[in-house]
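Shared between the two complexes below is chain A, which has chain B as its partner in the first and chain C in the second.
Let's turn to the complex of A and B:
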């Protein structure tokens, strides 16, 4: 019986010009968005591969030079583009794609795609996630706002009621009638994106599981919107009023709530400005060891401790070059300072994330948005993870260079030069993002919130339609 | 089959139906006459459980409709004054849908047969209902009742707006249903149709069933006189 109602709803919807036009527009927009994203992705991947290869060549083809000079010469760590960024680009455009790795400094990621765009980019891009998160909920509203209203206005509701069908079955049938075309459209999009990704060899580690999980997130999100639409439709007396209320709900849910949450999170847990951050780092660094300055108080203390440890009177008697050793110890101190200050930033980020999670109770858009970006590996969490991996690599690289200098030269011998073998001996940066399981686990609260939204909205639907 | 026991309905202190007692057995057609606002539609809505009684009981096949709304509706069919169907579905699709909701499953030929029985021309079966006249929609409504196999039929001014031929055909269908053992309650203004079709006639005024008689006991003119007497 539920299926019968659903089939009738779908049949009516398909025969209505309103849905046909809206459906064609959405499918056209989605197709354009996927093609644009696919081309952009291809373009970025090629650039990424080329830049990675160039950076490595530049590093390994250095002339003979002092290892610490090579440390200052530096290299780049490139953030790999996730295959699912084809669907959700998340914050990728704003976080930068590469980090310059050099001695003494932990650099921020640079070369943000957004920085290369014109002012028109302020209006946003036509991307699949935009259509999935904003436009399809509008389509659901357009399809379902009059679901109960038209039965009431046309007079078919009485005949429906007189058939002895339970209100819950009517509600479920109408829900399915609204949900099935939308889910088919969504699955069609994900399937075509999956096929495109699977057939493109350069797209790296594509996973159908991740794609299906992302599709599941959107399907739950649409389930919530279908419920909200039918609740308002059943609650209001006229279709026009239902449409106005639903559009207001869409504005609050998809536009106002995320921006309000973002503003509140920033106000409650503000990040320091770049100047404040760098001033704090510099202040702390100056309190400790400066690897380049042998007259620094901390350098003198290290010198004394080292001489005592090895039981010698002069730095020349040490079995290694103390200059290289001091450089390494300076690097370690600077890394500790960076670690401390980045931890403070991270703590703010986590507070903001927690606040966002709480705000997600006010709008189903938020948990869906976070989950989509996380599964696509285009969220801030992933960027932090990449930045941390790049920093760990930088520290190992600096250690290898400094210790080569320390182990293979005598104190005061700044003329020491390492050759290509050392540069090549340092492995290229390789980043493995967190597994899907880790991502799912760390976003469990968002999953639960989205499922709660679905369950509560279903209860609301059954309650409001209990006496239709 | 269709029973009212001390059935009353108040709207903001005004009694729309007062202490109604009624018993329509299988095969009977009870025509309820009365002016606008007499309480005919309220009575039908009480049997459909669209509204709750203030006191008393409305029973279908012995089931209190307020207590067992879903189950009691399995036995009844309803045809309002101006039956509306889904305009973007064909007559056949509407019939298939509503009989499906009633838990019945028929193949295409059986559905077609139901429509034919009501006299709906075959060429219209596959047409969208938005192109149907009121008479054609009423025929689909009767087909829905037939397909449901309803034991009780509630009709609210079903012949209003129908041309005499269509109204006559409609009366014939009702008589056939009555012969098949269906109990029918028809609210109507049409005295002629009530006398021709009904097995019982009741006159309602201000929510009270003021007169109950057999059509064979009264002529057309006397029925009209009696009706007008009660309306004045």
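Let's turn to the complex of A and C:
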């Protein structure tokens, strides 16, 4: 009986003009969005690959120079684009594309794309995630808002009741009739995206598992919307009111709640301004970490200790260049200060994330968004991971340079020059994002929140359809 | 007939629960939204004020240190940081170059969450290479802000649709349309009168909502009238008019209430969600932003060439670590020579990089101006542009601020270079003459006029389409169906 109802619902929807038009529009938009995203992805990927190899060439083809000069010339670390960013671009537009790795400074990623665009860009891009997150729930609402109301309006409710079928079975049938076309559409999109990605060469990290996990997230998200649509339809007994209520729900869920949550999160756990941040770092570097052990004192102590350790009276008698050694220790000292302050920043970010998790009670959009971004490896967590990896590489690079200077020259010999062997000896920066398992584990809470939404909405549907 | 219409329509509206609740909703949303906007503006102004206070305190300390040094007392500051050296003042006591919030900045967050609002350019720093983006959570940037501009652009049209979707259709469904047709007035005029009345009511509520929320946030209405409030009200009413005109047209198509509602909502989705996204995508495809990755690469090549040139002027390790140069008393000649070479070497970088950066900025500028022309294709984008201009948070404002910062940084440098090369020591008199920054707001009056005009044009077009439709085909269709 359930399947009969489902089939009838689907037939009815397919025959209806408004759904056909809406369906065609959505499919057209999705196709355009996928094509545009694909082209954009290729364009950016090519640019970044070229930029990375150029940066590496410039680094290795440096003339002979003092290693510390090379450290100041520095190099760039470019963030690779993840294949699944084809579907969800996440916060890529709002994070910088590259980090400048130089001596004595930990830099932020520079050149975020949004800073180079106008206010028009803040309306959103026509990307698959825009359609998946905003438009398809609208499609679900359009298809299902009158699901129960039309039975009443057309007079077929009594006919239905006279069949002796339990109202819950009717509800399930209608749910299937609503959900199956949507899930087929979604799976179709993900499969075609997967095929496009698999057929394109140079895609390192594409995995079908990640793609299917992302599809699962969206399927659950649509399940929640299907439930909510049918609950409101069953409850209000009139099509018009149901539509208004569902649209208000959609606006609150997808537009208003995220914005309000972001306002509150920013007000409760604000970030320092860039100037404040740099000023605190500078202060700590001068006065020492937490006021202890400022570098000028530590440097003197280092000098004494080293002289003692090697049993000599002057720095000239050490078997290595003390300047290089001292610069390395200074670099480590500065890095510690940066590490402390970036950890404080990360703590604010984590507090904000916790707040967003709390706000998921008001909107299933939030956990779905965060999960989708995380799986596509375009979320803020990945940016932190990349920045930390770049910093680790920078420190290793500085160590290699400083210690080469220390080991291969005498104290006071600033004319020492290293050659290409040293530049090439430092391996190129390569970044591996965390594995899918690690991502899934760290976002378990969002997953549970989404599942809770699904479970609670199912319960609501069952309760409300105990009697039609 | 009009008086009759007015009286009964007014009574119906006032007594209608639906109307009352929608009005309250609009009011509540305006209040919540402008509260959010004000939070951000407060933070911005506080940050600036704090920076200014710090600089003032630093100045006091600097003056007392100068006194001590001039009096010959020993100080615990290394010689290269002592504020009697012009380089020390130029590098370690920079001024706050701030972009204060416009009076109505709480209306639209715009681009203000992307960029920083104060910088402190130093003598040796390169102003062109300053980072203007603010440290902020990209999640917050992605979601955007629940500000007044969000309420006006996204939610106000929905309220208008809820108010007006069934002006004509409900009469037909109740059966009173034929009665109306017997009245000695054209049906289209009757619909126009009803719409006008509802427009007047909603305008009043909207105006009251905006004014009240601004007042509750401590913004004086009389003071800001010429500073953007009149523009804000005019734009909001024009946008309101647009959606009323749309509703007017859809009603005159003569279909049922349900179909009207769905059509209007479909148009809302199209105009407010889809068209801006499509325009954005189109602009990126037709005229993409010049590539930063390529710019970085070009800059690096130039820098490596510049390095070689600089090395001939001054050894690299001294360039990066000026503190290694000791300025001993009586050894002024060495210091003079050193600083001359230092700035000469910095100029090499500037000479090489500046053309590249200027070219990039020029390309970016042209692209952004082309994109801003696309805004006329959607009332939502026109409205967003108008609101951002009133709040002073459009990307053009930040571009202008960047230029002012760079100009000030040049001026700061011009102030100190003669002192350095004449080897003059800084005293209290010179401190009093330090350049101060005054932000000059850009003029946005012209843009406002254009935006307003386009929205009114669209509204006029829709209303005349409505009339045209009625006169051509619909009259009989409406009455006979």
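We adopt the following convention: the second predicted complex is superposed on the first by the 456 of 468 C-alpha atoms of A that agree within 3 Å, B and C clash if a C-alpha of one lies under 4 Å from a C-alpha of the other, contacts with A are read in each partner's own complex, and residues count from 1 in each chain.
Criterion: contacts are C-beta pairs under 8 Å (C-beta built on N, C-alpha and C of every residue); 3 or more make two chains touch, one makes a residue touch a chain.
These numbers were taken from a predicted model, which means no experiment stands behind them.
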item: First, second, both or neither for A:317, with chain B first and chain C second; value: neither
item: Touching partner for A:430 - first (chain B), second (chain C), both, neither; value: neither
item: Partner chain in contact with A:160 - chain B first, chain C second, else both or neither; value: first
item: Chain B versus chain C as contact partner of A:98, first or second or both or neither; value: second
item: Chain C versus chain B, contacts on chain A by residue; value: C
item: First, second, both or neither for A:438, with chain B first and chain C second; value: neither
item: First (chain B), second (chain C), both or neither touched by A:380; value: second
item: Which superposed partner A:343 touches (first chain B, second chain C, both, neither); value: neither
item: Chain B versus chain C as contact partner of A:286, first or second or both or neither; value: neither
item: Footprint overlap on chain A, comparing chain B with chain C; value: none
item: Footprint of chain A on chain B - complex, ascending; value: 48, 50, 69-74, 76-78, 80, 82-89, 93, 97-98, 100-103, 141, 144, 148, 154
item: Residues of chain C defined as touching chain A within the complex; value: 32, 36, 39-40, 43, 47, 51, 110-111, 114-120, 131-146, 150, 154-155, 158, 162, 257-258, 261-262, 265-266, 269, 273-274, 276-281, 283-285, 289, 291-294, 296-297, 300-301, 303-304, 307-308, 315-317, 320, 364, 368, 371-372, 374-375, 380-381, 384-385, 388, 394-395
item: Chain B partner contacts - residues on chain A that touch it in the complex; value: 1, 4-5, 8, 11-12, 15-16, 154-156, 158-166
item: Chain A residues within the chain C interface of the complex; value: 18, 22, 29, 36, 40, 47-48, 50-51, 54-55, 58, 62-63, 65-66, 68-69, 72-73, 76, 78, 90-91, 93-98, 103, 108, 110-126, 130, 134-135, 138, 142, 239-240, 243-244, 247, 251, 255-256, 258-263, 265-267, 270-277, 345, 349, 352, 356, 379-380, 383, 414
